[in-house]
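To keep things simple, chains are lettered A, B, C, D, E and F as they appear, and every chain counts its residues starting from 1.
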């Protein structure tokens, strides 16, 4: 099975962290194809960054359909473009926020999300509502660490995040922690040991859920609003994103 | 006051319908600047079309900021890119679905939305929830008319939509109708006379709400998650969308 | 266009503050007719005050209908009698809490309400739910200033309210402030400058929204539950409030 | 124990039906004091009727406080003025819609409301939400019988309502019926026998709940927003409704 | 009327406290039959304890049906087995959490629950949602007192709980307190005097609500999902719980 | 990895269907241990059946903990005892309703549940709410097939269920189907081919989700309310269910 894990920002060092986290949990027969968005923002820290990041993501998924990907992971905690991607994918597609929250709800009656900047908290809160997690998610906590500082050893990111996770357990009454950024993918195991409770990285969670769905023989439903895009004219600089004329969007 | 009304699809004949509807209600001192997206889909009928349409929309807003626009209307009923646009706009920004639903809630305790294809109904339903209109919106009704057929006299669109609006009043217990596509902007007055109840076109509604906000001296809040995008590197074909380095995103 | 702005309490000095706020934002062609309730409580600070205040309000609206009012503003933050007024009005009717909250949701993803006494907070919270603003309104904050103290320079009201607004931004993660009393109508501009974020006074907001609705040719729907009251016998001291027998409630 | 049951409309024949229903279930030591509103509409069939009806109701409650009433029932299915009445009452106060819905939720996992005119359905739906009954109330059904026709033997009201109740069980998956008008108080037992499921009249339900609360030694909380109204000046024709100056609102 | 009050744990000294609270409020003609579960946990402090406790409870209800019980009270704040019990009972069944929350909503617009261990708070929170009390219940507060410590004078339970109730009024803006454990049944009157606000013990509340329902002639609906269990084979150690073959579950 | 799949009813032929469905999707290294409840009802078709079924389930989980089970599947669509089981399990525990709904939400924006008897629909509806699936689940449809009839070829179950699934797609606007009974586990693939949309059997879904969680190194959180049961005395016929005294509930 081939799972394409796409980092929608352009920072390839972050893609490496993501790919490592994906491979660490992949089943023996699973091939992880990691991709970095070929265009757009170096990190995604707001609605604007997120909106622009979707184009590179869509291009990678279109390429994935021709390369034979069996499923996709969108490796940014805002789950940008999730439904748009599902329209052009035959196999299952998981966002890492979606994956992490659902997994957390299976192992605890309440969880907290620990994320980066306060200004992105609203994005997580919108996802909590979209996924029906209002009663499971006790709180979204911002550490005010910029995304790219996660890679900077001098930032103290690991310590700051671990402490915020510890506070979340104590103050929010949560039984599990969801890490709110793909750039934290390498921290989950360490923090779990430190705080003695499940800590969920969405990249790993999404890979395992895509494996599960493919194992069930399930792809994205092509009945209803996730059916292939209607054939129509696309023009201008994005004309190459026009859905394929062969009756389906991307095959 | 200058209000930029942006059609996020590339069909300029639809922009003309939109511009006419906007000008028909604009106050004496209001200048309507209508723009057609320079790229992307000819109509927006799904999550994929919508995601791609955001880029052309953002480019038009960036241009608007340099042209001195006092406010913006996003003239597609899915309100694509609404929060992203707000991040890069100084003045107020209204989506036409948002505008129409709020206005409907001021004149009736319940309304119905009459839209185009069934596959876009889910988009309207998500907006209903995002805007807190679950208790006001009684039902979203699809006519199965493709967007571009609205312009085709042979489609019988006016009659089909009028009949659906009539059924909505009778069956849904609604007191008002929201037209669910920018391409229906020229039908509101006619249908209102036919059915004897308020019929709200989002383009006109959004223009009047932007006028109201500018009249109140209000722009988009630059405190919190709608603040100017953080300065950062954008690369590749979308590098030109990089936020301005002068501390603000688009000025 | 003639907009009747009704202060449902009997304190005419407060009506003057309200009228000034309304006129300050009214468009050139808009005439503001300000009225003070002819009976009932001097201020509205609870469910009982509010219930009694509705009678004077209804009388003023009935008078407005004969005077040719094109729309109405109910200038008390509890929006007393809103749906009852809509039944007897041809034109649009806005409550100031309703207007302020909707406007706030257009310029920020979250807002806080700063109001007077803690005991009226429940009224604001009920309105937040009725208007579908649970996800936009982050918190309702009471200053424990009685309504009539707002007019007393010795009360320090301006300073106290400004500080509460500042705390709201910092602690609630809000991007805008809604002032929770008609008696604060003169403070919005000052506080906005002080805290650097949008501050919304409902009186001004409601006037502009009524202008917008009238500009759209919209009145209150007379289809459904806001139709003219059914003709019937009213007796006793309130017999004069009996709906007109001519088929409509108030014409 | 003395329970004052107030009919907020002015139709004394309806008060008689209400009083009989109340007395039929009252415990041995309970005295039912039935009162008809001294002013206002002959029936309550909309927001406007309801708003006006509150004044007569408040007067009767003020009188009740001096007469030694131990609790109150508001005998109109819209529960007009419920929180206002609670502010000026020492003992417990129940609305009949409130009482009926809560009781229904104790004997079935889902119930339907069968009411009079379609235009009042919105009032019932708002109460359903206020009381947290969204998941218990499966549907509000209108029979289009005007309130005063319930007393007219030629209207066929009993048959029409019984049939609607039967349909409710079959179509809504409900296990119990709530009758949506005080004027139906005499029909509950008959319909229950006919349809073989619990049928709840709010007048009887409210009397028993007030008895229960008084039996528990509970009155309305005077801590928080239901505390006695703040002392203040009331003027004009409603000046006599001014809260008592002795520190409490009505004693 | 005979009301069977069942303590689903096996601690008979707690049953005595419960029985005394029930008898203290019972009407003259009401006989309270108190029962202690014949099996299972000595106290209920988690999902597991609760699940096991249901068997003894069901056995006592089956016995109650043959003994002529007119209604039941489940005297544990988690309301274990509520719907299962309703299936096998002819008369009304109330859980004490259910009873207390509904009663609290009649005397205050907001209440707080003061309970025992933090780990059982989630159970109360689930009930708050099931009963539609999200808007009435302001907060669930844990004292970290184990259930059986409530009977230990050296635990300081009375003082600790009273102080928590006082804080609830001050910090949560609540007008009433719900005691979150059957073992607190004897504290309500004392705490109410101390804090000057309604304090509701669910045992007493449930007894009065069952009396009210029986007084209304209402039993559990046997239409729909609370109908007698379908006849079927039960085997193994719990074979004796097989529903009666005579067409009804337990008669 | 060893996953214990427990059928909480006593019908071993149904366990065989369940076991086959589980093994059909299990990964190479996964051992499926299927167990039939040793006591209680032959099928679960109501709240009472469900409550009683929990005891046998808990016994099988306690045994599973000593046998080295790495995770559990509760193979009844009501997910009986889910949180109780989680308290006494070290590894992850999934209910089949929970698993199926979450999986359905990954492949479609809306799904319908097709279940057995109308009287069990309420159980599914409660789970929909508990799992936050109100916006994803469009409708719960009953076929009125008793559970044990699913095994009877003469019942026409396969055809009846297939037709109901087809109607669900057409009428509910759903993109996927969730089968609402463990006894339907062998029908998913067939129906999916017939209707051309994803059909999800909870048994298979739960097995794959447990595999995913174990693959992520995640067990049930032992922080908070899912921690091991508190040590305490259990007496009577269920004394053997007393939590282990060694500090943990079941090890």
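Annotations
Here is the rule we go by: a residue touches a chain if its C-beta (ideal position, glycine included) is under 8 Å from a C-beta of that chain, and two chains touch if they have at least 3 such contacts.
It should be emphasised that the depicted structure is a prediction, and the values quoted were computed from it without experimental measurement.
Using the contact threshold fixed earlier, the set of chains in contact with both chain B and chain D is C, F. Relative to the C-alpha centre of chain D, the farthest chain centre belongs to A.
One copy, chain C, sits rotated relative to the other, chain D; on C-alpha atoms the angle is 180 degrees to the nearest 5. In terms of their C-alpha centroids, the spacing between chain B and chain E amounts to 52 Å. A straight line joining the Cα centres of chain E and chain F is 29 Å long.
The mean-CA centres of chain D and chain F are about 44 angstrom from one another, to the nearest whole unit.
Each of residues 83, 109-110, 121-122, 129-130, 135, 173, 224-226 in chain E touches at least two other chains. Taken chain by chain, the contacts fit none of the simple shapes, being neither an open path, a ring, a star, nor a full set of pairwise contacts. By the touch criterion stated above, chain A contacts chain E in their complex at residues 109-110, 135, 173.
Interface residues of chain D facing chain C in the complex, by the touch rule stated above, are 10, 37-43, 45-52, 54-56, 58, 81, 83-84, 86-88, 119-123, 126, 129-130, 146, 224-227, 229-230, 232-239, 241-243, 249. Within the complex formed with chain B, the chain D residues making contact are 118, 121-122, 129. Of all the residues in chain E, the ones that touch chain D in their complex are 25, 27, 83, 92-94, 98, 102-103, 105-110, 130-136, 169, 173-176, 189, 196-198, 200, 204-205, 208-209, 211-213, 215-226.
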